[in-house]
Structure formats: C-alpha cells, structure tokens
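What follows are several structures.
One chain, chain A, appears in both complexes that follow, with chain B as partner in the first and chain C in the second.
Take a look at the complex of A and B:
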C-alpha cells in the first residue's frame, strides 16, 4: 500500500520537475505577450501583441521564417538521403570497423558544437559556402545525421528478415519488396528520423551563427540579433514563433510514434 | 507418365568447410506430401530454402515440373511457404495479408476478394478478415499463414516447422487441418519438422536427414517398420535399445551374451536391437525361455490408458514396458520376466556418421 505522504511526495516531485523544465518557456511567453512588466511584479500589467507587430515591422519575418523552413527541409532530405543507405549498411551487412564507423558518424555531436562550427566555418569561408542555404543545410546535416542514423539503424536492425523472405517467396522482386514490405515496416522509424532532422536544423543556432549571412538569417539567429539590439520582448516574440513547429512535431510524434519505441531505439543503438 | 513436380539432383551446400548439405537426391511426384525429418542442424531448413531459392546451392539442380529453376530468383519460382514464426505482415489486416501474393501477381480486385474469401473459409477464419495479426492467437495466425500460402495456388507448398510455435493442444488440431487441406486441394507439399509424430502422421513419404544427408527415404510405414540404423530408430521414438552382437544371423545381448530370437537379420558384428515399450510383455512366472529377460521393476506410472514400467536388467540395462489397464500390476522391486516379442524386435546397424 502506498501511503498518502508518499503519493504526495511523488506528485510534488513530478509537478516540480515539469515546472522546472517549463519555467523558461513561461518566461518567454510572458515576455512576448506582456507589457509594462518591471520591478517586483509577478505578472505583466498588460497583455499585448505589439511585440509581434513590432517584430513584423522591423524585420522581414516572412523571409526569415522561409529561410529557416527551407534550410530545415533541405537538411531533412539530405540527411535521409545519406542516413538511409548508411543505416541500412550498418544494420544489415557485416562491415569492417563498424564501431569506428558509428563513432565517426556520432563525432559531430560528441564534441562542443562551437568547436565543430569553427571547423565548418573555416572550410565554408575557403570555398564560399557561407550565406548560402545549401551550405547551411549541409552543415546542419552533420548535426542531424547522428540522430537519424541511430534511429534508422535500430529500425532496420529490428526488421524481421523472415518477413522479407516471406515477401520474396510470395513473388516480390527486390524493388517491389522494398516498396511493399520494407518501407511500410520501417516507416515509423523513418518518420522519426525525418522529424529529428528537421528540428535539429530548425532549432540550430551555434553552427548557423558561424556560417549565416544577410540572405540566410534564420529564426534562432534573428532571435539572437534582436536580443543584441536590446529588444528583449521582440526576441521573445520571435522565439514564440520559433516554438510553434517544435510543439506541433512533438504532439504529432507522441501520437504517431510510440515514445517508448523511440527511447528503446536510442538505447539499442 | 507425368513429370514429377520437384526433383532435387545432387544438391550440395557448404558453409565454409562444413557441408550443410551433401548430395541430396529426392523426387517428389505431384500431390505428394513429403516430410524432411531430422534433428536441428541436419540441414532440412537449408534444403527448404534451396528449394525456394532463398539459399543458393553450391552444387546440383532444382527441377520443378521438368524445368531447371536452380538459377531462377525466389520471387519467380511461384512457391508457397508457411513459416514457423508465422511471418505475417504486421501492418496489414488478415484479408490484406492473404491478398498480398495476389496483388503482387496483379490479380483483379474482384477476383482477389473472391479468392481471399475462399481461403478464409478453408481455414475457418471468415469472421476475422478485418483483424490485424497482433489481435490473433498463435493458432489463428498460423491459419492466416496457411491461407496466404495457398491462396495463389503455388506450385509447391513448403512448410517450415509450422506447428513448433503452437501450444500442444493446438498442434494436433492444426496438423489435421494441414493434412485435410493439402489432400483436398491436391497440393504438393514439403514439410520440415524435427517431430517424428508429425512426420509419420502427415506424410506420404519421409526423408530422414542427418548432418546434411538423407539417411533414409520411404513411406512412414517403411521407415517406422525398418529403420536403417540406430540413429533413425532412436529418432522415431523406439523406447528400448539393447546393444547386441550378431554372429551367424543370431543376435546376443552384448552385456551378458543372452541369445535373442528376432526376425531375419542381414548383418553381422556389433548392432543394436530395438523394441517398442508396447511390445514388451511382463510375466510373473520365473520360467526361462527365449527372449525372456529377468528384470526388477524399478518404477511404474499410471498413464490413464496404460501403465508404464521401468525395468532394471541385471547387467545394468534398462527396459521400458507398457502394460494395458486390467493386466496384473507389479509393484516396485518385483522380480519378473520381460518377454520381447520376436517379430517386434528389430536389429539395425549402428550409425557410424558422427558429428566430427
């Protein structure tokens, strides 16, 4: 039997933890929608949309948002194009130096991002890839690929080879087998990898900061620039806009993919 | 004279230096139910995969209906297969699983529906067409597996230990089902199993395999009545084995040189005599005579329709006997005679092929 104090303690810890994680988010929202909030006030005196209007008037928000989404989509496509075959090979074939290979793919996420970003920037300055969408997307692929490969490797390793054999015996050519059996079975993992890739790019700041230019400002970079200009509430407004896709994806992911599978996938890799 | 459905000629398959299959020759006429029977690792599943093309043989030919299909990819061989693990597609409903091979073959939607409905009726799953595999019991899943494997009328139906993942109670029911369906539809089937009961009950012919070779081929009656060596006799579940030495056509128990009356023996030297527990009769009389072995009752167990005895022979041998209900019951420690029926006592050579 659980005693009442124990239950209360659990509830307190869980609620406390959720509040602890979400407090920064609450602060951003208060900044974005509040005005006349100085001194010791717990909450803003006024609620307003003026910071969003101001952001829209002073900054080409549409272009910035478009940049961000465009780069994120390019990153997603490029990451999947690279990670799908790589993960398939790692999961389904015996490769020499498999551990070293996986280590190399994980490397960009293991070292400080600023260190990695410096290296990328050096190369991009040399070959004039800065301030290009494709350049930033390529840089983001290196951040997105490790997660994508991990998720896909565990997805492909989990594919039941007897199902593939069954499909073949029943008359599927290799191509048809891929479309009719392999792809449907692997789809949840591929969707998860795509979402991770999109968000890795969409949310990235450090690496983007090193290689962006006037034509390729993204929402996270714009948030930082607004902050640098002293407009805390405008930065809050842009951050709020920045949040929307992440929240939508999170909801979609919780509905579509069993979160435990996702964690299991990361654990298993 | 019609062409045999399946001919395997000199099939060989090596895994490194290990011979997984060596010189397999089998002919399967149309409508035959053939079982490949053997312990795990004997190559029976590998042979099945050579027939489907999932594994490539290193030598020999696979001939189907007179056509050499050795080089033909699996998906063009038109084989049907039932898997031990069921191997149903988890993302498809029961009906879609069964329709899968039909869609692959470009069968029209109306025809698909008709054939799926018929296949569902054959395996008695009409009511579950819209369910998903995870919602079915193991027995139901294997019925779907069977329906999916026969719905497109494959040239040969291959079954890889289809009953192994089922509960004991379901196994017999499913076995009867497989037997009826394959006979009704006149399907040529190759059935892989390590269970001698399944093989004996289902098959028109059995190929007993060991270490990648076919050790004996024949009807269930032939193989059960005259196993070619002690490995097969043991595998078929003969309860009693007595090491004997044969000289001048007469067998003597190795341990104490007692002579045995048997049917005709076509060999000399060390051999093994086998007899079923049900062919060992117990008598209390201490009189001596041919095939009357003096034993002590070591244990007995009431099995419902018979009583099972474990007997200790003075030379350390152990015998099992089954006595019908109603026969006198001998308690533990009783000195008795175990009478071995001469016509039920078979003497076979000892198997010399041992795993190296």
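Take a look at the complex of A and C:
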C-alpha cells in the first residue's frame, strides 16, 4: 500500500540528501578545474588545469605529495609492526590486566587530538623530531594504532583454532604455519588495518599542523596554507588530490566490512 | 584459545611473559608519543608563567573569566544545535536506507563520505557552496526566493549547518544499526492490527530506538565538541575551544594557558566517551 504522497516525500528526501552531501564536493571540483568563476555564474567561464600547474610550479606540489605518501607509508609500517604482535597477544594469550591494557591502547582515540598534540609539539621540538618525516609518522601512529588493534584483535579471535592445530599436528613448523595458514586467513583484517593506517596519516591535519616544518609540508597542511595565502583554486586543486585515496578507501571498505564497524576508526576533526 | 588452555604453572608464567613481550613495542610507542605528551600537557597546565612551583591560575583564568566561559558556551551551543539537527536528519534517512532499493549502496557511500574525507576539504567545499555568490544563493536569487544574497559563511547558523554536514553520519550509522536490530515482525504486527504507520513509528519503533538515538546523539555531540578543521577555516570570528587552544598556543605562544584549556577539553570529551560507552553497554544488555 504505497500512496503517491509517500512516494513523493521519499523521492524528495533522497534528492535533498544527495544534493546536501554531494554539492560541497562538486564545488571543490569546479573550483579546481575552472577559471573565471565569480559573480552570479553557476559554472566557471572556462575549464583549465592551470591551478594544478600553478601548484606544481609555485609550491612544489610533487614534493608535498611525496612527503604525504612517504609519511603515510611509514605510519602504516610502524603501526603494523607494533599492532600485529600486540593484537595477536591480546587475542590468543592469557594476559594479566587485559581490560586495562585494551583501554590504554584505545585511549588516544577517546580524547581530542589537540590535547596531546600540544605535548607532542613541545617534546618533539625539544628532541628535534619536528619537521622530520619519522617524527610526524610516529605521531600519526597514535591515530592509526587503536583502530588497527581493534580490527586485528577481532580478526585473530575469529581464526579457527582447529586449522592452526591441524597444521601443527601435520608437522608444520611454526614459521611455515604462520606463512601458509595464519597469514592467508588473517589477510583481509591485516589489509583493512593497513589501508586504514595509511588513510589516517594521509588525511591528518591537526597533529601534522603541530609538528610539521618547511621540509615536511603535507597535502592537508598545504591546503590550509594555500587558503591562508588566498589561493582558493590552488587549495581546491590540492583538495582534489586529497580526495582520491579517501574515495578508494571507502569503496574498498564497503566491500569488506559493514559500514557501521568503521565507526571506531573514522574520526573527523 | 589454543595455547592458553595448557596451564601448568611454569608454562603459564612463560605464556604471560611471551604475551607481554608481544605487547611491548606498541606500549613503547604509546608511552613515547601519547602518554608522555599527555603528562607533559597536564604538567605544563599547572606551571606558573614565571617562577617555580605549581599553580591553578591557568584553570581559574579560563573557567573564571567571561571570555573563557564564552568559549565554552559557544562550543557547547554549536555542538548542541548541530546534534539536534543531525539526529532529525539521520532518523528519516536511516528509516529510508533500511529498505533495499536501487541505489541504496550509493546512498550509503554518500553518507560515509563526510567522515572519510579530510575535514578541511569538506569545509572548503561548504564555504564555496554557501558563499554569497555560491550556488545556494545564486539559485535562491534566480528563483526570487531572496532579493539579496544571504550571509551563511562565517555566521553561527552557517557553522551549525557545516557541523551537521560533517558529523551527522556518526549518528546515522548508530541509528541505522539500532533499526537493524529491531524485529520487523513487531512493526508488521502493529500495521496488521490496524495502526497507521505514524502510530506504529511513535508507539513501537521510537521506544525501541531510544537508546540508539541517545547513543547516536552523544556520538555526534562528541565529534562537534572536538571539531577543529571546520571552525578553523570556516568559523571566522567564532572560535570554539579546539581552535582557541591552537591560537593561544601557536599565535600567543602561551603554552601553559593552552594546556590548561586542552586538559579541560580532554576531561569533557573523556566524560562524553564514558557516557557513550555506558549507553552502548545498556544497548547490548537490552
């Protein structure tokens, strides 16, 4: 029993929602690829790539993008190196004070970034870690590790113990067992944790803002700097580049997990 | 629990030791780049501007001054208004997305976008869209809804609108999961018994959804309270607590004052997280 007004209302709701969410991002694209866009115009008078060229020439966009990717990769490696063994221990070992331990790992996600970013800025400055890629990556690990541990713990808890035991019984060495049985089974969880760590670092603005320097400008920081200098379209061009990994990440994640389970990890600021 | 079940005392101790060693690298990272900075911030917040000793002056200056309380009031007011509007937006959307239909996944994708992309990018797009010469104003002027452009950017209502765009998905997701947990038979029973959909919604669905709605609301509030990028570039003269802390530290270089405000912010946010989790526990029990 579906009445016309109800259908119309639903259609109105859907269209309104789609416009509400997507138009700001359409604006970014128009801003980045358009020129002479002012006054009462709906669309830019001409289409151009000049803002990207500008960005490449005047602010060395290539170096900035490279910095961002380098820091994000470092964050991913550091996060996995620390989170994989920790999650394995939490999932499969009997540890004392396990609840407190998990709380201590998740705590960085519970308080505002700026609260500990102040301390990070002061300490890293004192020991010359500001304006270094490794310093920024270390700070980003605090954003990535809690969620990575959550995902990995639930992955490892879900492993079927009988499969691992069967491997051992059949004479598999521990190392071989890990490579041939454990790793393939846990791979989706590990990939999700890695992708998330990369994105958390790639997109981060607050912590980076507190510890970056002239040699370690990242894409989000550069967007902010370009805005501050009044180059709106250059900021738009950089934003377009910033958007790509987020979109790919979301597409990949929607295939792998229920969107609701991402809640713990995504955190706007 | 493969290994844990073979419990001889000596084996058990070795087992605990091995587990602890595995956790070590992560704890070292956390200690170096989170807990030490956190303690540093707290210590700095009680350091006098000049001279030795401890002081609470930075706290009293923040919590005892009109300016300080104004910052808190602005932050809480913005967050509260944005939370209310977000819940009102999330609820019909969650109800809509419950049904399977063509394009449902595309809508889910859209819904997740604001919290996946960098907040700075979203804020920039919002600023352009709601500018005096942005699409919203141009269309409303062309349709003669307005006779002159409406100022939305850098106003309080504008900022609330931007918060809603940025943070409503958090609530939407929580409410969606709450809806998913409700047995469809309950709704059908109500409809079969002759209640109108409106009555079924009010008398059956809403009571069952209450804890999800609260959890969603607290989650959105939490995000609004901690907002930084959006008010930084789109707040204009209005500086909620996160932006204020940054300004005091980086522009005025008054780190002890900024630290005290950061500690207050951390405590409020921690309390909200606690609230969210206790609601969550009740949801699981129910």
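As a working rule, the second predicted complex is superposed on the first by the 227 of 269 C-alpha atoms of A that agree within 3 Å, B and C clash if a C-alpha of one lies under 4 Å from a C-alpha of the other, contacts with A are read in each partner's own complex, and residues count from 1 in each chain.
To be clear about the criterion, a residue touches a chain if its C-beta (ideal position, glycine included) is under 8 Å from a C-beta of that chain, and two chains touch if they have at least 3 such contacts.
All figures in this text were calculated on a predicted structure; none of them were measured in a lab.
Peer 1: What does the overlay on chain A give for chain B and chain C, a clash or a fit?
Peer 2: The answer is fit.
Peer 1: Give one of first, second, both or neither to describe whether A:184 is in contact with chain B, with chain C, with both, or with none.
Peer 2: In the superposition, A:184 touches chain B alone.
Peer 1: In the overlaid three-chain picture, which partner chain does A:144 touch, first (chain B) or second (chain C), both, or neither?
Peer 2: Neither chain B nor chain C is touched by A:144.
Peer 1: Would you sort A:28 into first (chain B), second (chain C), both or neither based on which partner it touches?
Peer 2: After superposing on A, A:28 lies in contact with chain C but is clear of chain B.
Peer 1: Looking at A:211, would you say it contacts chain B, chain C, both, or neither? Reply first, second, both or neither.
Peer 2: Touch status of A:211: no partner.
Peer 1: Would you sort A:254 into first (chain B), second (chain C), both or neither based on which partner it touches?
Peer 2: second
Peer 1: In the overlay, answer first, second, both or neither for which of chain B and chain C A:192 touches.
Peer 2: Touch status of A:192: no partner.
Peer 1: Applying the touch criterion given at the start, work out whether A:176 contacts chain B, chain C, both or neither, answering first, second, both or neither.
Peer 2: A:176: touches chain B, not chain C.
Peer 1: Touch test for A:165: chain B only (first), chain C only (second), both, or neither?
Peer 2: both
Peer 1: Residues of chain A touched by chain B versus by chain C: which partner has the larger set?
Peer 2: Chain A has more residues touched by C than by the other partner.
Peer 1: If you take every C-alpha pair with one atom in chain B and one in chain C, what is the shortest distance in Å after superposing?
Peer 2: So the smallest C-alpha gap separating chain B from chain C comes to 7 Å.
Peer 1: Across the two complexes, find the residues of chain A that touch chain B and also touch chain C.
Peer 2: After superposing on chain A, chain A residues 165 contact both chain B and chain C.
Peer 1: For chain A, which residues count as touching chain C in their complex?
Peer 2: 10, 13-14, 17-18, 20-28, 30-31, 38-42, 78, 81-83, 85-86, 88-90, 92-96, 101, 104-105, 107-108, 110-123, 138-139, 141-142, 145, 149, 161, 164-165, 199, 203, 205-206, 209, 220, 223-224, 227, 232, 235-236, 239, 242-243, 246-247, 249-251, 254, 259-260, 262-263, 266-269
Peer 1: Note which residues of chain A are touching chain B in the complex, please.
Peer 2: Contact set of chain A toward chain B: 160, 162-163, 165-173, 176-177, 180-181, 184-185.
Peer 1: Under the definition above, what is the set of chain B residues touching chain A in their complex?
Peer 2: Touch residues, chain B against chain A: 52, 54, 73-81, 83, 85, 87, 89-91, 100-101, 104-105, 148, 152, 158.
Peer 1: Note which residues of chain C are touching chain A in the complex, please.
Peer 2: Checking each residue of chain C against chain A gives 1-4, 12, 15-16, 18-20, 22-23, 25-30, 32-34, 36-41, 44, 92-93, 96, 103, 105, 107-122, 124-126, 128-129, 133-135, 138, 141-142, 165-167, 170, 173-174, 176-177, 219, 223, 225-229, 232-233, 242, 245-246, 249, 255, 258-259, 262-263, 265-266, 269-270, 273.
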